[in-house]
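Quick one: this structure, given as structure tokens, is what I'll be asking you about.
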Amino acid sequence: MSEAAAPREWRAWLTAEAPSSRFHARSVRAYATARIFLRNPLALAGLALVVALLAIAAAAPLLAHGDPVAQDLARRLKPPSAAFWFGTDELGRDIYTRILYGARITLGIVSLVVVIVAPIGLLVGCVAGYLGGIADVVLMRVTDVFLAFPRLILALAFVAALGPGIENAVIAISLTAWPPYARIARAETIVLRDSDFISAARLLGASPGRIVLLHVMPLCLSSMIVRVTLDMAGIILTAAGLGFLGLGAQPPSPEWGAMISAGRKFILDQWWVAAFPGLAICLVSLGFNLLGDGLRDVLDPKQR
Amino acid sequence: MIEVDRLTVEFDETRAVDAVSFRVEKGEAFGIVGESGSGKSTVLRALSGLNQHWSGGMVIDGEEQSQHRTRAFHRHLQMVFQDPYASLHPRHTVDRALAEPLRVHGVGDREPRILRALREVGLGPEHRFRYPHQLSGGQRQRVAIARALILEPRVLLLDEPSSSLDVSVQAEILNLLQRLRRERTLTYVLVSHNLAVVAHLCSHVAVMNAGRFVEELDVAALRARRTQHPYTAQLLRASEGYDRAAAAALVTFD
Amino acid sequence: MTGPLLEIADLRVAFRSARGISEAVRGVGFTMGREKLGIVGESGSGKSLTGRSVLRLLPPGAMLSARRLAFDGIDLLGAAPSAMRELRGRRIAMVMQDPKFSLNPVMTVGHQIAEAYLAHKRASAAEARDKALAMLEAVRIRDPQRVYGLYPHEVSGGMGQRAMIAMMLAPDPDLLIADEPTSALDVTVQMQVLAILDDLVSERGMGLIFISHDLRLVASFCDRVLVMYGGRVVETVDARRLGEARHPYTRGLLACLPTLEGGEGELATLQRDPAWLTAP
């Protein structure tokens, strides 16, 4: 009896018309948003793929069949079989295991980039949009400089200057990925700047810093989240591209892009060496795209 | 309490407000009536400091004002906007909206003040943690009024406070505003296009057209239709409802 | 022309939402001839939906039902989409609140009026242009040639609304539904636009449904007034006898309006009686 009552109580709490505290109000709102999101099958599929990526990355040692860098030249280039689910590569390493560990690298790169890029872009865009005038001009011209270069080329240039390696790849990708977020944030801020509730905040005597941080930025977050999610695929591909060119993760690191590059030579006869890492990249990108689409449908219409 | 001397606001090449002067005594309610584009909202924005591109003289509560306002100034003068949905932050609960002014000015004991503010505008604790989209138009406007009054200002600027509301709700909000003014001896400057609303709340009225005050009069004179300028007479006639003959006699004033 | 222009009985409009089915219009019925009928209500009363039901222009997801919905004897409920398209614009027209949103922003005003005409009558481009200019004159625009070539964002609110009326009346409809046509306009402009509507409707012997929240304005303009509350018509009153209205909602609405004559005392407020939602 109490087990049936407990979920009902939770539901009642989460759908309360008159919340009793700020935390309660936020939970109610989050629950309502989640319910709408969960009704979209494609978004759910995207979420499932992303969660799978996270789970695999976390549980890689448990799911793997051994050491990702253990070589055994005797069993090189073996096709997929019961022992080696995805076959082996040119150095006899188990591709399945390498893909599992590669998920960690991919996830790591993507997370680092997002953590660097989103706040910087948001801050630059909101400040430029709110202050206008000289600050806006200067910040936007700086943004334009970075935006003018094709992302991969600029990343290449940075990596070439800084030297290959995952950390430098992350820095390079971050430096090229932030401008679009600044532009989006600025566009939204310009629209919000003239609304009555911002005028009301100014009338309270709130400083511009407070207004930008507490009033403007939270409203730009939704479109940021959507854009970031949709961009993940691009970031993954850029990282893979760098890896492919040998400028990202260095061997023997099981980075997916590097794996594809190594498998190029064997693509006609031993297709599995390049195909499986390629498939992994594909699926993860698809997952983030679907998730981003689902988030956009849920977050944007509610915004105003 | 408020003395405005030849206030002028220019946008690009037009004068939205052209050498407007008026006085408002402490505790009085002063109304500005005009149609859209007359410049009445611009006067309020200049008074509140939201618009900083004005010239002329402005003395509020004995202090000469410049284009920039100090934080202390905002404790004494607040504004209620027309659109109750647009004037509340969509992602802030009522509680947060009311706490913000207290936080900005470093005022303590927020909890009792917020509860009191809600009570005074006729809202209950069940509204405290709701978001604006969960409130009706009248309730949102009450929150906006509560927010404006929580710092206990002396002057309240009202920009068409009831125009966006349903008729039945309008009456409640107007009653609330009247009661609050009496209880707290507030000074109001009310802007509206609705003569009846202005006549109800205010004691003195200025009629505005194309950036200028064309006439200033007592509400008693307005009620008795003792007007001098033809524009005022025209506004009066038009607000009495549709009349075919009256409509034919309307003239455009530029 | 025999028979009423519009017959509506037990009109219902419902929406499906997360919480089940909610009825926004609950059993509205009235007949009208070639007169000016006003429908007054506050937000949520269902007045706009009632107007749109006649044209069957409801939002997606709306479910319409009625015992009778007929225009000039033609059954609108069972009409095929092609038949409705014939009627819309040609015999029943609609004017909405804000010309900023109802006029096409990338076509000149005159061109839109000509298009409206051509959509329903066979005519040459030159004839349509002449008709458009004639309509602009009929709505008392002083320089029709110049206004013909202006874009909607270049004209004032009052002029835009008059252009909208010109556009809607070009094909000579029998019934005009006006949904808050003057609410976005200044008071003096409102009077002028209403005068134009008044004259045009009388000259052409049209029927007019005037939907608004402004009870006094509607009563001073129309012949009859329907007062709506919570999706139902709570009272039908002759415009000249508004003061004799009997339903407590109507009386309450009239009492809570501030007037110039009223003193500074508190305004009466409306006490809503839940019985108004269900009583006949």
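Quick notes on this one:
Note that the chains take the letters A, B and C in the order they are written out, and that residue 1 is the start of every chain.
Everything that follows uses one rule, which is that contacts are C-beta pairs under 8 Å (C-beta built on N, C-alpha and C of every residue); 3 or more make two chains touch, one makes a residue touch a chain.
These figures come from a predicted structure and were not determined experimentally.
Chain contacts here run in a simple line, from one end chain through to the other with no loop closing.
Farthest chain from subunit A (centres taken as the mean of C-alpha atoms): C. Spacing of subunit B relative to subunit C, judged by their CA centroids, is 32 angstrom. Centre-to-centre separation between subunit A and subunit C, using Cα means, comes to 51 Å. Mean C-alpha positions place subunit A and subunit B at a centre distance of 47 Å.
Not a single residue position of subunit C touches two or more of the other chains.
Of all the residues in subunit A, the ones that touch subunit B in their complex are 17-22, 24-25, 29, 195-197, 199-206, 210, 215, 218-219, 303-304.
The touching residues of subunit B, counted against subunit A in their complex, run 48-50, 69, 71, 73-75, 78-79, 81-83, 86-91, 93, 95-96, 100-101, 104-105, 126-127, 129-131, 134, 144, 147, 151.
Across the complex, subunit C meets subunit B through its residues 42-43, 157, 186-192, 194-195, 198, 213-217, 219-221, 252-253, 256-262, 264, 266-270, 272. Across the complex, subunit C is touched by residues 35-36, 137, 166-168, 170-172, 174-175, 178-179, 193-197, 199-201, 222-223, 234-236, 238-239, 241-244, 246-248, 250, 252 of subunit B.
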